[in-house]
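When the chains are written out, they are named A, B, C and D in that same order, and each has its own residue count from 1.
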Amino acid sequence: MIRFECDYTEGAHERILQRLLETNDEQTGGYGVDKHCEKARAYIKTACDSENADVHFLVGGTQTNTTVISSILRPHQGAIAAISGHIAVHETGAIEATGHKVLTLPSDDGKIRAEQVKKLYDAHRNDATFEHMVQPGMVYISQPTENGTIYTKSELKALSQVCRECDLPLFIDGARLGYGLVAMDNDASLADIAKLCDVFYIGGTKIGALMGEAVVIINDALKKDFRYMIKQKGGLLAKGRMLGIQFETLFEDGLYYEISKHAIDMAMLLQTALTKQGIQFLYHSTTNQQFPILPDRTLKALSEKYTFSFWEKVDATHSAVRFCTSWATNKENVEMLIQDIQALQ
Amino acid sequence: MIRFECDYTEGAHERILQRLLETNDEQTGGYGVDKHCEKARAYIKTACDSENADVHFLVGGTQTNTTVISSILRPHQGAIAAISGHIAVHETGAIEATGHKVLTLPSDDGKIRAEQVKKLYDAHRNDATFEHMVQPGMVYISQPTENGTIYTKSELKALSQVCRECDLPLFIDGARLGYGLVAMDNDASLADIAKLCDVFYIGGTKIGALMGEAVVIINDALKKDFRYMIKQKGGLLAKGRMLGIQFETLFEDGLYYEISKHAIDMAMLLQTALTKQGIQFLYHSTTNQQFPILPDRTLKALSEKYTFSFWEKVDATHSAVRFCTSWATNKENVEMLIQDIQALQ
Amino acid sequence: MIRFECDYTEGAHERILQRLLETNDEQTGGYGVDKHCEKARAYIKTACDSENADVHFLVGGTQTNTTVISSILRPHQGAIAAISGHIAVHETGAIEATGHKVLTLPSDDGKIRAEQVKKLYDAHRNDATFEHMVQPGMVYISQPTENGTIYTKSELKALSQVCRECDLPLFIDGARLGYGLVAMDNDASLADIAKLCDVFYIGGTKIGALMGEAVVIINDALKKDFRYMIKQKGGLLAKGRMLGIQFETLFEDGLYYEISKHAIDMAMLLQTALTKQGIQFLYHSTTNQQFPILPDRTLKALSEKYTFSFWEKVDATHSAVRFCTSWATNKENVEMLIQDIQALQ
Amino acid sequence: MIRFECDYTEGAHERILQRLLETNDEQTGGYGVDKHCEKARAYIKTACDSENADVHFLVGGTQTNTTVISSILRPHQGAIAAISGHIAVHETGAIEATGHKVLTLPSDDGKIRAEQVKKLYDAHRNDATFEHMVQPGMVYISQPTENGTIYTKSELKALSQVCRECDLPLFIDGARLGYGLVAMDNDASLADIAKLCDVFYIGGTKIGALMGEAVVIINDALKKDFRYMIKQKGGLLAKGRMLGIQFETLFEDGLYYEISKHAIDMAMLLQTALTKQGIQFLYHSTTNQQFPILPDRTLKALSEKYTFSFWEKVDATHSAVRFCTSWATNKENVEMLIQDIQALQ
């Protein structure tokens, strides 16, 4: 089987494995305070143009979202998110398990708008029974979104401004941040993101690392005692160096962007070819997740050779599915997929 | 001001206060194991035709919902409810605070249908990422609903059957159960309800008591250690007799039904009169909550003399509001309200 | 049976019941914002010499402790308490159920000392693995304690000072506060308590009310959004007036102190008489809980006529038990008990 | 610096890294259902002589303890543990964060005894206020313990028997299980452990792996929906193969035991030499953690060249410290340490 069902089907970028080998015999202290973690922190802060940020390394995305969100909210508060947001749908209630409601906003493309946040915030304040409802306590967005779309810089600015007006910390889930940063239509740099939000994370698991997410806390008010939170939520890796070494490798000379770019090239190759074949897409994604709408019989045939994710039925005979490319995607496989789809039309 | 904004604007039915006076000097043990609680339990079991039920007395509705639901669910499970359900909207995230998501279903009238439950249940089982999503663990409905509507016996039967097929305990929030039981179009008796669900509660706070809700656990599997849960959630009243005495009074000779009937009579008086005036209603409620749609200028004028709850804007110049009647509602006040509305048309 | 097993064996003080009768037909808004609650708040603030305090009414003690503590702590913090503290032993893990550890300190008499708090605080800061341990986040004490003892003003001052130095809010559980305030050896007034702690509560359930505890928040930083917390934890009583009317009655002209004094008189009567009989006590309690050490055969005989609480085995043939007096205790019953004990020696 | 402060100061065993390299380009599905995980499961089940067990791979110890314990307990239950147990002391309240109290038993050597469990269980059942206290819901022990000691097979049998009598699932934290299995005085095999407990885990992080713990669920009643729990608690690694490959390598031909043995040899080398020097130990540890009591001035001198963990002050001039050996410990370093200690006497 040739796998396109997600962006974590291979191990790690070879330079990361090489670095793990080279450093294997080094003795370091545990829990992320070793020299590799320190170097990785320095590289990331520079990349974010945020020397005062706190950078922490966690293992996975659900863990990171849970740790960040439960660290910010008071018990009566919830996190505003798109109805399709990862925390709202695909984390087995991890946020609720820490006591907090996810306050969902409708979204067709995975994004939420500044006006929606303001409206929900105002509605809460103006309702006579406001103390009987969960108070909005922060805003969670994903960049790129779960639908492959990306927020423009001006959209982020608008969200950021509303969040600051309403005193709602803005948290950006960057599980696939690299793929967003190098997308052709992206105009929000890492430094822009750092400037516009209160806390975000840079995903490693889906972009070249064995595992690992780098949380960047910009807002001073959110920094206090964050390591306690990581430990309590099970994310303080004993051999924290494993995370430091990986992010050091990804950020010391731009590897993160370089391999993200490869994934985008592969995704655009697929998108362009399928578009030429007259195929439509469920979302206008410029990143590594592509959602073509294909005949069910085509999908059935493809599924004997390729893996991909079913997304939703579109009509009686068509479904939208998700193909993911990644830093590891083989160009030959994408070309073969394109040809096979064409042959099945 | 004449108050119609909710059904808890007065103290308690005079017979309850009288009974509190009469028993005041009695010495009893604490925490709901006294003779008054025992008598009240017996009366309620008989009324429910459920001699094997466990009956517990708690103080308020949110507390009761939280205690029951957190007692039933495992950590990865959520409670299915209407999007307008009390636990979904008006309990400040109390369910989430115990770690559980409320899985909401759309509803126009406050009710959910058996097919909706089945569909959500099946969707969960059939999704490739089911372990990444909250598992449906029980179903919560209100009888009558937050919109004043009531489930027919056949609707309850259908829900009950689906719940049993899917191994989802069915919990009925009866904060206003009395008002539903005596509604003209109701065909589900207390015994029917007990037979069709796994656990429910009979509301006292809104029907004649100072406070208090009687939880009736039908399903043996849900009975174990429930008193620990009540204590942990802060609901094990030291002077538990206060609750026992009240429910004893309400159920020893039908007072609960009698005073519920008064509230319904008052609601129907209002509904009939306003309908005659050509006024429309947001929901077809046959219980003690009525939701007329009135001109905003009428509402403004009324609000100087009456209290009522704003519900929603209907169009540029009209809004739906809620008027509640109760066991304590004064007929003269309803008649005055009717006349005042007519005069303002 | 004549009951001494706790201080909540009767209903309410007759003036409270009378007041409930008088106000029963009044219409008020719900949730504790009615005029009775407002009056009660004013009386309590005056009694505490704390015009800037926030006063909230909750239903019971476990609920109050849970609501206050979970409102104050961040997720990685715990509450310091005596190993015999109510939250540590007798609330079915209610504090843990909100996510927080109770950090216990040893205590022989129910009290903890300022030095113990400082030592635990310092140990936490100086431990190399501090981030792997629960951070002390506040201090909880009871006045009087679960053992009937009371903190002197100078002990409270010392605790208060340490708490402020360490930035640990000090919370005083006053479930039996009245009984402490009028104890003969007490030198800490309500105003002193308000000055020395950050938040405390004045117990009603055990002192004349049907139920109810008045939370007094002194520290501005702890006031924000507290009503949300009450609602979420199930303590926002629909007919909040029930609590307001009771505290209004208790505090408008000193009834709270007066009836507390009666309980202390009865306790001292018992203590003095038993001491004369040569009986020893487990704790030196000057409040309404007395812990005599009696022969097991005496206890067996007494238990056919009286209820009391077993406390602990003291030696092969003796046990300590608890007798509680209260606002409602009948002097004749105490005298009979004294005589019966004497007769059984 | 030469590091002895813990057993996770290096990367991974070279064969593990080699295997990661070899498999790096393979495409597999995520979340632990790939062929490497399947193979690792099979090896572990065979090693445990438990073909019906469920085996799951998680990332770290705190995460594993939290996931297992919160999966087993109902809300009003707690986990019994030694006062020195990892969950009681060093997990930042992770268990409490899921709502459960840790019920601690005193212990001098890190172990708890069957009689202690029985006594606590009986005390709970016999207490008049049992519903006001946390109900014991399971037992947690570590093998070896946090003090380096190991339970004998007969001690485990006694615990197991009590647990079964009391219906308390027995969970064994095996973060350092390998080091216990090969200790000279150990008589409980992996198969014995599997037979005697309900669920346990085999630690990888401290024994040759980059990270990873293998949970083995023996009791059928505890198997249901465990993957949901892993996901919710943030432990379902996207590239689950990383864990599978590591455990496959450790268990396919006995590497786990072989490298555990090396650590024990190094620990015994140190213990024997220091004993010969007349040095005493805080605990009688036969595993890879050694707790010598040394003069503070010796420790000060050593700390310029070696890392180790301070444990506790023993008297005015001596302290107990912890030296850990591991699969990666260099014999020359141990010999140098021995000589340096001798020289400093």
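Note that contacts are C-beta pairs under 8 Å (C-beta built on N, C-alpha and C of every residue); 3 or more make two chains touch, one makes a residue touch a chain.
In UniProt terms the chains read A, B, C, D = Threonine aldolase.
Everything numeric in this text was worked out from a predicted model, so none of it was measured.
> Between chain pairs A-D and B-D, which one is joined by a greater number of C-beta pairs in contact?
Between A-D and B-D, the larger count of C-beta pairs in contact belongs to A-D.
> Would you kindly say which chain has the C-alpha centre located farthest from the C-alpha centre of chain B?
So the chain farthest away from chain B turns out to be D.
> Need the CA-centroid distance for the pair chain A / chain D, whole Å please.
33
> Could you tell me the distance, in whole angstrom, between the mean C-alpha positions of chain B and chain D?
50
> If I count partner chains per residue in chain C, which residues reach a count of at least 2?
Expected reply: 75-76, 91-93, 97-99, 131-132, 228, 231-232, 236.
> Would you pull the chain A residues touching chain D in the complex into a rising list?
1-3, 5-6, 8-12, 14, 17, 20-21, 23-30, 59-64, 66-67, 91-94, 97-98, 205-206, 210-211, 228, 231-239, 241-242, 307, 328
> If you look only at chain A, which of its residues touch chain C in the complex?
31, 70-71, 74-76, 98-99, 131-132, 135, 225, 227-229, 231-232, 236
> How about chain D: which of its residues touch chain C in the complex?
75-76, 78, 89-93, 96-102, 128-129, 131-135, 309-310
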